[in-house]
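Labels A, B and C are assigned to the chains in the order they are written; within every chain, residues are numbered from 1.
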Amino acid sequence: MSLIASLRTPRGLITALLLLVLAVLPLLTQAFDQRYLLSIGTRIVIWAIAAISLNMILGYGGMVSFGHAVFFGIGGYAVGILSHHGVASGFVQWPVAIVAATLWAALVGALSLRTRGLYFIMITLAFAQLVFYVGGGLEAYGADDGLNISRSRFPGLIDMRDKASFYWLCFALLCGTLWFCSRFANARFGLVIRGAKSNELRMMALGFPVFRYRLAAFTLSGAFGGLAGILLANEGAYISPAMMSWVKSGDLIVIVVLGGMGTLFGPLYGTIAFFVLEESLKPLLDLLRKGWGEYWQIVFGPMLVLIALYARGGIDSLFGRRHG
Amino acid sequence: MDYLLLQVLNGVQLGLLMFLLAAGLTLTFGIMDLVNLAHGSLYMMGAYIAWMLIGWTDSFVLGALLALPATFLLGVVVEAIVMRRLYVRDHLEQVLATFGLILFFNELVRVIWGPAGKSIAVPAFLNRTVEILPGVPYPAYRFAIIVVGALVAILLAWLVARTRIGMLIRAGASNRRMIGALGVNIELLFTLVFGLGAVFAGLAGLMAAPITSVKIGMGDDILILAFVIIVIGGIGSIKGAFVAAMVVGQIDIVGRAFLPDFLKTFLSASAASSAAPAISQVLIYIVMAGVLVWRPTGLFGQRT
Amino acid sequence: MAEPMLAASGLIKRFGGLIATDNVSIDVRPGEIHALIGPNGAGKTTLVSQLTGNMQPDTGTIHFAGRDITHLPMHARVRLGLARSFQITSVLREFTALDNVALAVQAHAGHSFRFLADVRRDESLRGPARRGLEEVGLAARADTPAANLSHGEQRQLEIAMALAGDPRMLLLDEPMAGMGVEESQRMIGFLQGLKDRRGMLLIEHDMDAVFQLADRITVLVYGRAIASGTPAEIRANAEVRQAYLGEGDA
């Protein structure tokens, strides 16, 4: 379907409006003097990149990785550690971080993709925990407390300290990630991954070495996850093991399922819904009774149960059936 | 030598606690094909309920004994409201829903009992040492944990070897038709098994409470360890869970007890003490990865 | 007589105490349909699984086109031209019929590490896939999701997928299972038309179909090949009549 034609469907229209709002968000937050919203927007965009990268394996490939937040950590720590040692240039930091995330993903994938089902879920979780504990054990980099870092420098190109510029950089990278995902999902590679989710044995009997393609997808997904980690570290100018705790990995799964697995924009919808829920449940509960806002997860938890039970298609499916 | 023996015993004690948790997980997975992340919440609830009841009754034993049926009841309610609907769903949906339950329970505890941690005192009659070997004292409370844990392990071994439920477990029967064919009331069986798992989790939580402390999220990290244990042991295998729990218990304790001194030989004291727990945790995950590379369905797991 | 294209010799496969494949040797020549029959539980599917690479035999060797493939994984055997269809219909249910066949074509079109070009505009995949669907008579259903096809149509789709790489050898595991009489007859005609170009190992319960199609028949009982020969020889074989034909077909 062409881009113009897709604008005529409700899904296309909503998505276009959403992207438009995201594109001009810094202008809006400035106009309404809501700086705080820009920081939430930045985090939404970064988390969306991570969610899209998880969707590549979880949504399209059916690989339930329960350790995806580890790539936040690896991307973030690569930047943070280099910056701590005076390597401030983003031209060095970013490639190192992406390569580190990619290599780790390749290693974890090579070991864990031999397993199936619950074993796979747990081994991905365990490898993430491994890195989490290593992070917490690095006395030189703040151990459990984490480390304040200075942001990556791209002299002459962009000032990462400027909130709006940084936001636009993240947004541009989100668009790039979305573009790649839209191509990948319908390219030969993506079809192998999706086919293997649908019927692994069939794909092998057709002559596809499924393991190899899954490993490649897992590795690719890790690379994009690492990118999100780089951005997250720069957003807060801070790294800590908490950014790769298993709860964060759980949050990413929630986001992907909430938005709609195996759909292009699902992870973006999911991220927005997740953050909006978090930010709005608090004041809503506070309205009911002062102080209740702090307990928003007591509402959010059961919502997840309901989503798991009754909303398999996620937000994306609310916009009608998909074509193609 | 004595120090080593004490640490090994500590490892056994930790291993048994984790076995109690892992046993429930492996039961629910083996029979109901359910991935229950919220199992750690039952561990936490067991500890909190015990804390409350011990406060009311002013007796550790009475409070602990009352806490067991209470966690059973809690388990049955959770099963009836949520879990029952999840058995036929795929693992991803189970992960999502039970992840939601973790958030719910953590927050529920904060609402009911507040954010501050609680502590349960070691009961007076166990607040002493026993001589496990002539001249080697060991805290009586930890020794009691070992005894209770061993008793439960024996009970479970009997359950698996001698009863109908055990037969289902040994058959790896996550299959309604097969269970139905045995003339068992499936709904009731599932509820009871889940309740039993909840009791074990609650028991582990309340026994651990005097040693650690009662706090929000206390079940989350140990839950992951419990999952590591059932994965190493082979999902659905009680024997595997026991063996793996013992191994993990030893690695953890040995790491905490001996690594700092070892690391101090080439690291600063503070770096060594912060790195040691991390390294022992990392060791556990490396063992797990090694086992799965060697045997993708765990030590005693069934073929896929 | 032509050299066998597929030759398995001395295959043994045990499951615990049970011998599922008991020293079976079987071969298929080019242009030949070799049927494998036997009562339920005779170990036909276990045997086919070893030939396709889904299972490893405990002992014995498998040669295909002059190469030892005993230890090759499934996907590598398919690449050499040893294709299969499944006993229980195995198609990619979420994909359209055309996508299913196009994926089968893609499997034989070099590696699939291509991340950007849209497969649905790739005529090098779509063209052969469309022709494949036409060949089995499914052209009109090209854009229907496989899940929405009738059972018979899914069986046809299976064959189209197996044929996609123009394999030299087909292992057909009960291609007529669950088909009506009319559909079966059409499938028999279709398979007859294929056999000039390639060898086939056919597992089938429908005895009419087997005796119509097969050049040779091997009878498997309790994992052992008790007889092998032309349809006329098999019909006349007393042991076979007693062990097998007598039961269901008399």
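In this section, contacts are C-beta pairs under 8 Å (C-beta built on N, C-alpha and C of every residue); 3 or more make two chains touch, one makes a residue touch a chain.
Bear in mind that the values here come from a model prediction, so they are computed numbers and not experimental data.
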Touch-connected sets, subunit A omitted, are B | C
Centre-most chain by CA centroid is A
Outermost chain relative to subunit B, judged by CA means, is C
Distance in whole angstrom between the CA centres of subunit A and subunit C is 43
Rounded to the nearest Å, the gap between Cα centres of subunit A and subunit B is 31
Distance between the CA centroids of subunit B and subunit C (whole Å) is 49
Touching subunit A in the complex, subunit C uses residues 52, 54, 73-76, 78-79, 83-84, 86, 90-95, 99, 103-104, 106-108, 112-120, 122, 161, 164-165
In their shared complex, subunit A is touched by residues of subunit B numbered 29, 35, 37, 82, 85-86, 89, 91-97, 99-108, 110-111, 220, 224, 227-228, 231, 235, 268, 270-271, 274-279, 281-282, 285-286, 288-289, 292-293, 296-298, 304
In the complex, subunit A touches subunit B at residues 58, 64, 66, 111-112, 114-119, 121-123, 125-127, 129-130, 133-134, 136-140, 143, 246-247, 250, 253-254, 257, 294-298, 300-305, 307-309, 312
So, in the complex, the side of subunit A touching subunit C is made of residues 180, 183-184, 186-192, 194-195, 198-199, 201-210, 213, 216, 324
